[in-house]
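So that you can tell them apart, the chains are marked A, B and C in the order they are listed, and the count of residues begins at 1 in each.
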Amino acid sequence: MTQTLLSINGLTKAYPGVVANDDVSFDIGVGEVHALLGENGAGKSTLVKMIYGLVKPDAGTMTLRSQPFAPPEPRSARADGIAMVFQHFSLFEALNVAENVALGMENPPPMRDLARRIREVSETYGLPLDPYRVVGDLSAGERQRVEIIRCLLQDPKLLIMDEPTSVLTPQEVEILFETLRKLSAEGTAILYISHKLEEIRALCDAATILRLGKVVGSCIPRDTTARDMAEMMVGSSLKTPEPSNRTLGDVALDITGLSVASPSEFGTSLKNIHLTLQQGEVLGIGGVAGNGQDELLAALSGEIRSAPDAIKLNGAPIGHLGPNPRRALGLLAAPEERLGHAAAPDMSLTENALLTGSVRKGLASNGFLKWGATQEFAEAIIKAFDVRTPGPANAARSLSGGNLQKFVIGREVLQDPKVLVVNQPTWGVDAAAAAAIRQAILDLAGGGAAVLVISQDLDELMEISGRFAALNEGRLSDIRPTDTLTVEEIGLMMGGAHGMEVAHV
Amino acid sequence: MDLSSINPVLLVASLMVAATPILLAAIGELVVEKAGVLNLGVEGMMITGAICGFALAVETGSPLVGFVSAAIGGALLSLLFVILTQYALANQVASGLALTLFGLGFSALLGQDYVGLKPPATPRLDIPVLSDLPVVGPILFSHDPVLYLGIALTAAVWAVLKFTRVGLVLRAVGENHDAAHALGYKVVRIRVLAIMFGGACAGLGGAYISLIRVPQWTEGMTAGVGWIALALVVFASWKPWRALLGAYLFGGVTVMQLNLQAAGVAIPVEYLAMSPYLITIVVLVILSADKSSAPASLGRIFHASN
Amino acid sequence: MIRVEKRPQPSQFWSAATPVVAVLATMVAGGLLFAVLGKDPLLAIKTIFWDPLFGEFSFYYRPQLLIKGAPLILIAIGLSLGFRAGIWNIGAEGQYIIGALVGAGIGLAFYPLEAWYIFPLMVLGGAFGGWAWGMIPAVLKVRFGTNEILVSLMLVYVAEQFLASMALGLMRNPDGMGFPGSRNLQQYGSAYNAELIAGSGMHWGVLSAFLAVIFAYILLNRHMLGYHIRLTGEAPRAARFAGVNPARLILFCLGTSGALAGLAGLFEVAGPAGQVTIDFNVGYGFTAIIVAFLGRLHPIGILLAGFLMALTYIGGEIAQSQLGLPAAAIQVFQGMLLFFLLAFDLLTNFRIRLARGEVA
């Protein structure tokens, strides 16, 4: 290894009830691409927030180029050459690209100069961007370019990237990696946070693995198998879900020419979608975030209405029906956002069981609620899906992401759906819960139900679905059997490189 | 009925006077809302400013002292809203209502001994030649300084929001407070300052009513102007110049109905008096379709968890 | 350094305790205010909170508690339904006035006929008037997305002007020798909302308030509609996912709160107030907002809060006549109560911690 850039020694940070980081130490060299690997909740985010000055450690020290380094706020971290590309929450949709970039800089030049520099840098690194476009109108990949360019303009010594590829197509990932390799060759160190092992093997020089806030190992990714890294990350050997026998039955869900406008300002409208889903089938829908996934779920759950004939359930037109009549007919759904959409954060699990369960489980008569039966239903979900909680009286927000997701999926599965639509079933969920949820989806299909899985996790879709299609700008690609697909083809279905180009430097 | 008694030049001049309290309060609230905070306490801060300004102007004999203390009074009252919404993380709608209810009572308490007094007169601009010009003189060059301050403030707020870093950061905080926090901006501090600016502006607007427009002190004399100012911010789509336009529109309606009352139009007084409120509703109906320019974090509670 | 941490779930204890703490804090701060005004703070607090209940003339004041509490409770129950769902009707004062006008108008139209059906018709009219006035912001919100806070409030001023026009015009007592105000309904048997038991303060409005509390309790805890109201307030997107029709909920909440406010107005104008005058309304519609929050938007809480607020009205009047405490001081006192309540409410969802020293 070359000379050390950042050295982390014994960083510890505790929150009520959880030690997010426990005595974490490792070094990053100048120009090194260093992976920080760990499951959701392993403490990766807390660690980078400490490096970026957003969170102060309880104990431990850092040195940057052998000097003590303890940034009191992001501003001073940026001044020391640390830059960060966030996974969420750092762009302003209503502002334009140049304004967004200026907000991430200490002393931005006047807007006109800044716009010129944005054009220059973005073209140099193969990430073309119009500085005057409003960020809300950009695709997920383009938004990430804004973040990256914001960092590059500050000439960073260390670039932190938090799950950067989750919003990219495989082609875009390749181009991003080219850019990162160039940066690394120019001497910029990169701290690359991910749980995608193959990517890390392709890109990174070194890896530090976190589990439950502790460093549990380090390795040279090129020389380590993905399976070994996964086991270090999870701490036990993983069980891959097994599909049960698939015998496909009649067409359960038939979508023809579905077009709906998005209800939100920066949303994506669905354009002329066709698909059929058979009993016993799992159909995977991939695509980069923001290409109509939320809208497709809403159009199927009944939150957005459409022409009656656009959606048929077992031959009957249902496009005009609201959520509850659809539930009565057997079409159930589980949206992506757990807190606030699939579940009400401050309500108890019992009350949340009522949220979608009232119709099929008969939890109300003449509008009057049967709290006893509702609580039994909640308890049944907790038991069947191994939801870790003291009891059904606890608020939804008190559960961890994985446990709440098991509750949300379990709530629908236990209602014996004819067709189940799920969006991002394992997003932000620990590996054990993710495996359990995938198994539940396969079992449900094995029992004769039709399942539509919308996900941005391609590995997940390849693992559990029989056929695959991708959403791109509100349009659905052709549907293809998964076992014959190559990564290249999947990427093209998702929209290819979306106008990105390889870095020119 | 004698409509000929209505002098168009005086009408325009007096609509500018009638518009100024609404404009001042609306410009302040516009800044607050641009920072992502909905303060429904404008009415309470205005009436507090009205009595603070009135009392101190009477005690000191100086309208200037009156206006300065009105701004301070409004800003101090807004600190209560700051405590509730920025530190105790209370619901902004409820906190704003609390501020208004409290302000109405508090001002009545402060104002007990000032009912029926006359405040010192605020001098008007008197530029030789210019102020004496026909038509243009009374409309443009012979008002009190606070009226010009209102227009200057509109221009200043517009320029700051559009061209400066401070304005950019303020808008960023109002658009997405989580992102602004992640970039290291002090969301709470910026909002506190914006709320206090809003309080000071509302206080000035209130004092304009008690010291210039009416001029005397009566309980509850703002009579919903603060609420109209809130509606005006929506009407203006959060744009300062449109707030000015809207304020003049409402000022015009108010002055018009007063003139019609004086001219003895056959419409009962009460129905004329309700017209500004009805027009506010009509304007809200026409303009509510476009919500896109509202700051995205408006009214949401910010708590930097983790 | 003080740190605020979000609790994993809302604290039941603090949810019940905050109103009590807020009342105590208001007493302390109010006492200070009274001291600044040159009054003996302890005596003032005792006059407000103790004398109406247990003082020498409590036989007179206790019934007043029902008379003043009932409209507050009736209105606050209606408001709380909307507030729970994030629908902000702050124009109850206007709905109260219009309900009173429609109801009293029906009674006055029948004058001098005596018939059993007149009062029930007036009650229906009162509810209808308030409902209709509440439906204006509701329909505008559903149809045009107009902000219901501003519209309902603007309509208060409109209603006040309308009241003035009625009291001075159409409804003015023809035998009133030119004085403003309508005939006195207390002297018109078929239209009078008399006490059900003489001297108890118990009139039809009080009974309705109790019924409203029971109705709201059952609605919120046992009925799907109440569940949908709560769900909409806590997570609007989840509510839509659960099949709630937001438009219908807006119409229901604003309509119901309008109808209840209208009822309160009718019972007041046909009973304790007696006649339509230019200022028969005394701000119950605004005070009820404080009552709704003080009662934590919970029916039983509102029942208690309504009586507490009635107590401050009655005690305030006593303090006004006996101690010369200004009327506005009571208004400030009530405003402070809402402040402290909102401030202490932090403890329900958050924990306050003294942070350990920062590590360098």
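Keep in mind that, in the parts below, a residue touches a chain if its C-beta (ideal position, glycine included) is under 8 Å from a C-beta of that chain, and two chains touch if they have at least 3 such contacts.
Everything numeric in this text was worked out from a predicted model, so none of it was measured.
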Inset, instruction - Compute the centre of every chain as the mean of its C-alpha atoms, then state which one is farthest from the centre of chain B. - result: A
Legend entry - Pair joined by more contacting C-beta pairs (A-C or A-B): A-C
Legend entry - Between chain B and chain C, centroid-to-centroid distance (C-alpha), Å: 28
Inset, instruction - Please compute the C-alpha centroid of chain A, do the same for chain C, then give the distance between them in whole Å. - result: 47
Legend entry - chain A-chain B separation of Cα centroids, rounded to whole Å: 45
Inset, instruction - Mind listing the chain B positions that touch chain C in their complex? - result: 40, 80, 83-84, 87-91, 93-95, 97-98, 101-106, 108-109, 112, 219, 223-224, 227-228, 230-231, 234, 268, 270-271, 273-274, 277-278, 280-281, 284-285, 288-289, 291, 303, 305
Legend entry - Contact footprint of chain B on chain A as seen in their complex: 15, 46, 49, 53-55, 73-75, 78, 86, 89-95, 99, 102-104, 108, 265
Legend entry - Footprint of chain A on chain B - complex, ascending: 165, 168-169, 171-172, 175-176, 178-185, 292, 295-296, 306
Legend entry - chain C - residues contacting chain A, complex: 5, 8-10, 222-225, 227, 230-231, 234-235, 237-243, 245, 351, 356, 358-360
Legend entry - Of all residues in chain C, those that touch chain B in their complex: 4, 6, 83, 88, 90, 140, 144-147, 149-151, 153-158, 161-162, 164-165, 168-169, 286, 289-290, 293, 326-336, 338-339, 342-346, 349-350
